[in-house]
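Look for chain A in each of the two complexes below; its partner is chain B in the first and chain C in the second.
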Partner chain A sequence: MSYTVQFSQVTPYMGYLAGGACLSLQMAAISFFAGGTVGLACASVLEYGPAWARWPVKAYVVFFLNTPLLVQIFFFYFALPDVGIMLGSEQAVLVGMSLNAGSYLTEIMRTGFRVLRRSELEAAETLGFTRLQTIRHVIWPHICKVLFLPLSNQYIILTLTTSIAAIFGVEELTGRAYNVNSQTFRSLEVFLIAALYYVGLTFVASIMLHMVGYHVFGIRRKVF
Partner chain B sequence: MREFMDEVSRFLSYYDLIFIGRAFLYTALLSLVGSCCGFVVGCGLAIVRIRRLVPFAPLRWLATAYVEIFRRIPFLVKLMLVLFTFQFMGVDVPMFVIAAITVALAASAFCAENIRAGLESIHVTQWEAAEALNMGGFSILWRVVLPQAWRVIIPPSMTYSVGLVKSTAIASQLGVPELTYAAKVLNQRGFSVVLCFGTILVLYFILCWPLTLLAAYLEKRLAPPGHR
Partner chain C sequence: MLGIMVRLACLVGIMFVALPAGPAWARSLDEILHAGTIRVGINPTLPPLALFDEKNELVGFDVDLAQEVASKLGVKLEIVQVSAPDRVPFVASGRVDVVLGGMTRDTLRAKVIDFSVPINSENYGIITREDKSFSKLSDLDNDNITLVQVRGGAVISFIQKNLPKAHLILLDNYNDRDRALAQGRGDASFDRIDSMEYRLKIFPAIKWKIIPSPEFGVTYSGFGMEKGNYSLRDWLNIALYELHTSGMIETLWEKWFLRPMDTKVPVTPYF
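And then the complex of A and B:
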């Protein structure tokens, strides 16, 4: 044993790492909403769109679901400048993550579209609901209940995925952990603290999502 | 376009193909070893978390803590932790082992969760009925619960194994010669990015797509009769 664990050299950097964690959260949120938009658009095309539009969307989803995010970002980062699109490292990561999340979210949103049954809508019509009332009281609650769990899981997964940005030199949590590591050479300690941050972040997010799910949508199952 | 075709013909030399072929096998092997080890450990963890089999609560909490913690650490950070833990212990192990252990750690936590969900999908009355027949705990698990639960366990586990194959790309950070690393090396040898990374994107796709299709097929095939 030639190595003793010593946290004292790393503790001054806790605030610095927390700043990185903020950037991680930010990136997760951006890619979640961008991916959600992409997913919603693609899912509507897949379910209701014309046949010629369905084919390329399907290809996009299948291809992005079955290739690694890291390689996709490499591709955006290094190949897009050849066609004249210059992306900064953070932008490239965000584009990659959004498109990747978009493919997952397409699949999730599709299940949301499918849960609605014709009989439900007919029942609403029989009760004399207006279109808006149908959406408000029938469609929306049902879709929320089905989609809430997979969407919150996806958000947690995205928070963890942001660590890939470190490979491209973005100074989020893992990137800053790399920096601290090269300054202090306390590798194990730095990455233990980074791991703790990730566990803490996602745990808090899980608990909050669970509370939202329970109180707003009445979902009794655990989010985590 | 002409230049690109020239480059492709240079790219298709014997040594490059062998290099990429090896990298492909390396990725496949890494995923396979990692996910098999992970599945075994995950089974153990899921079984430890069953209250009826393990009355000793702290052991259950420990298993839960393991699953919750390792599910919440990103693959890259886990990789670094495993790497530096081995360094800390002063053991010199090949990079393949480090990468495989990381994959196994990730797989074990997620498999444990999948398997637990599968086991919990079996109604308590099944346990009680089997107990009334004077069957032992593990005998119930093996003969009554698992035969019903594996329908619920297998499809998400297959889907997750696709995710594992994809996350092995991150192991290129260690310099293990898998596909992503091969692409980087070829890129540094002067081949264009589109060619290098395009090729391995296709190779990853070839590796993952059959798994995805199999998972989707099994999900339909194994669905309990009422849910088809």
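And then the complex of A and C:
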């Protein structure tokens, strides 16, 4: 009476699941770059902006850091239509994930800005660097070195977080795994394959981040 | 790099080897009687089959039915909460003896688990709003129609085959589906209509329209249990025969679904 693992009913769906994995990858990339832009803007305001602008930004960061992503997306998907704003499934998830990532990335980028020491900027000035040269040769390399690791970790987290989209009708990897599961009832097999696809997604991302980190910024990022 | 590949290979290897190796025994009828409890998997996201009441206790048709079965068996009922994706692993790993929650029987699923005789029929139709002009299923096969469905409904492949032009949004559960329809995110849903009277009460402002559609046919759901657990299945079949003939199942149905079962389950002493 013990359960026998049978992949034959699930293997025809491998391509279908791979299509979902592509969408997961795409969503992670979009929300990371959108979140990064939001984070960069907010961190700049918090560090260098006028006092009146800091308060709303601070409120945004605190709110999004302290509420669950699922609740945030639920709000964008199910609460906004009641005030006349109808976001599609993928739009609502991307808006939610980007704003959520934006709040985390704001905090990460702020730390990046703070590592710059006054002495570095003074040394650049003494050497007669123009403002652009200072940014190019002093500020940029230093900030990149500090930010690369936390940013790449955030990217991996985002890749796995895309699975939340299944709840809101997006046909990404988890959503498609649910579909196959309900047709075949081969839950163990389906979710094992989905898990391997996720390992694949993060593994590929890790290798790419390792190479970018090593060759561009001279940082060794562990793949495992 | 080599080390990484070896580690990954080991990890995957362990996952594949460990699964079939672990003994996952469902409990036979004797073992359930001996233990004095029957563990029933119940899915609380399918009201009125099961839902949480204001005291945060699980109630509903499935809960009452499970209680009836436990009383007939003379053992205590232990409810285990399950959800759509994990209910079969719960059965397969022996963490529940039987599972309820709209376990629609079909040949694909019966390859994985065993089913009892039917508990209830499941009837299908179009769920939409008064302001929409549909009157039959073929009206939905149009590319300006968006259907809002729940992942894993038995109807999804039917829709993809018979209404290929309609757009499809697949949501996580029936509550989200109802809300999405109420907000106008989609035009209609083709699904089970048995519970609609009960479900749509919470949207009193909206005029709903439910059109029964016989095209999909009627399905039946039963208890699900581990493949090969015949001692338990045979006993449950007899218990269900008694619960049907005594009218208990119809009584429970009307109590929770607020109307008679649309298609009566034909009861026969042979099974």
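Simple rule for what comes next: the second predicted complex is superposed on the first by the 219 of 224 C-alpha atoms of A that agree within 3 Å, B and C clash if a C-alpha of one lies under 4 Å from a C-alpha of the other, contacts with A are read in each partner's own complex, and residues count from 1 in each chain.
Note that in this section a residue touches a chain if its C-beta (ideal position, glycine included) is under 8 Å from a C-beta of that chain, and two chains touch if they have at least 3 such contacts.
As the structure is a computational prediction, the values presented were derived from the model and not from experiment.
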item	value
Room on chain A for both chain B and chain C (clash or fit)	clash
Which superposed partner A:Y104 touches (first chain B, second chain C, both, neither)	neither
First, second, both or neither for A:Y13, with chain B first and chain C second	neither
Partner chain(s) touched by A:S89 [first = chain B, second = chain C, both, neither]	second
Chain B versus chain C as contact partner of A:Y155, first or second or both or neither	neither
First, second, both or neither for A:F63, with chain B first and chain C second	first
Chain B versus chain C as contact partner of A:Q72, first or second or both or neither	first
Which superposed partner A:T202 touches (first chain B, second chain C, both, neither)	first
First, second, both or neither for A:A194, with chain B first and chain C second	first
Chain B versus chain C as contact partner of A:F185, first or second or both or neither	second
Selected from 56-64, 92-100, 164-172 or 254-262: the stretch of chain C that, after superposition, runs into chain B	92-100
Shared chain A surface residues [contacts with chain B and with chain C]	1-3, 5, 78, 82, 166-167, 187-188, 191-192, 199, 203, 224
Touching residues (chain side chain A, partner chain C) in the complex	1-5, 9, 78, 81-82, 86, 89, 166-169, 171, 175, 178-179, 181-188, 191-192, 196, 199, 203, 223-224
Chain B-touching residues of chain A, taken from the complex the two chains share	1-3, 5, 62-63, 65-72, 74-75, 78-79, 82, 156, 160-164, 166-167, 174, 177, 187-188, 191-192, 194-195, 198-199, 202-203, 224
Chain B to chain A touching residues, read off their complex	68-69, 72-78, 80-81, 84-85, 87-90, 162, 165-170, 172-173, 179-180, 183, 187, 192-194, 197-198, 200-201, 204-205, 208-209, 212
Residue ranges of chain C in contact with chain A within the complex	4, 7-8, 12, 15-16, 19-20, 23-26, 84-86, 88-89, 92-93, 108-109, 111-113, 148, 151-153, 156-157, 169-172, 176, 179-180, 183-185, 226-229
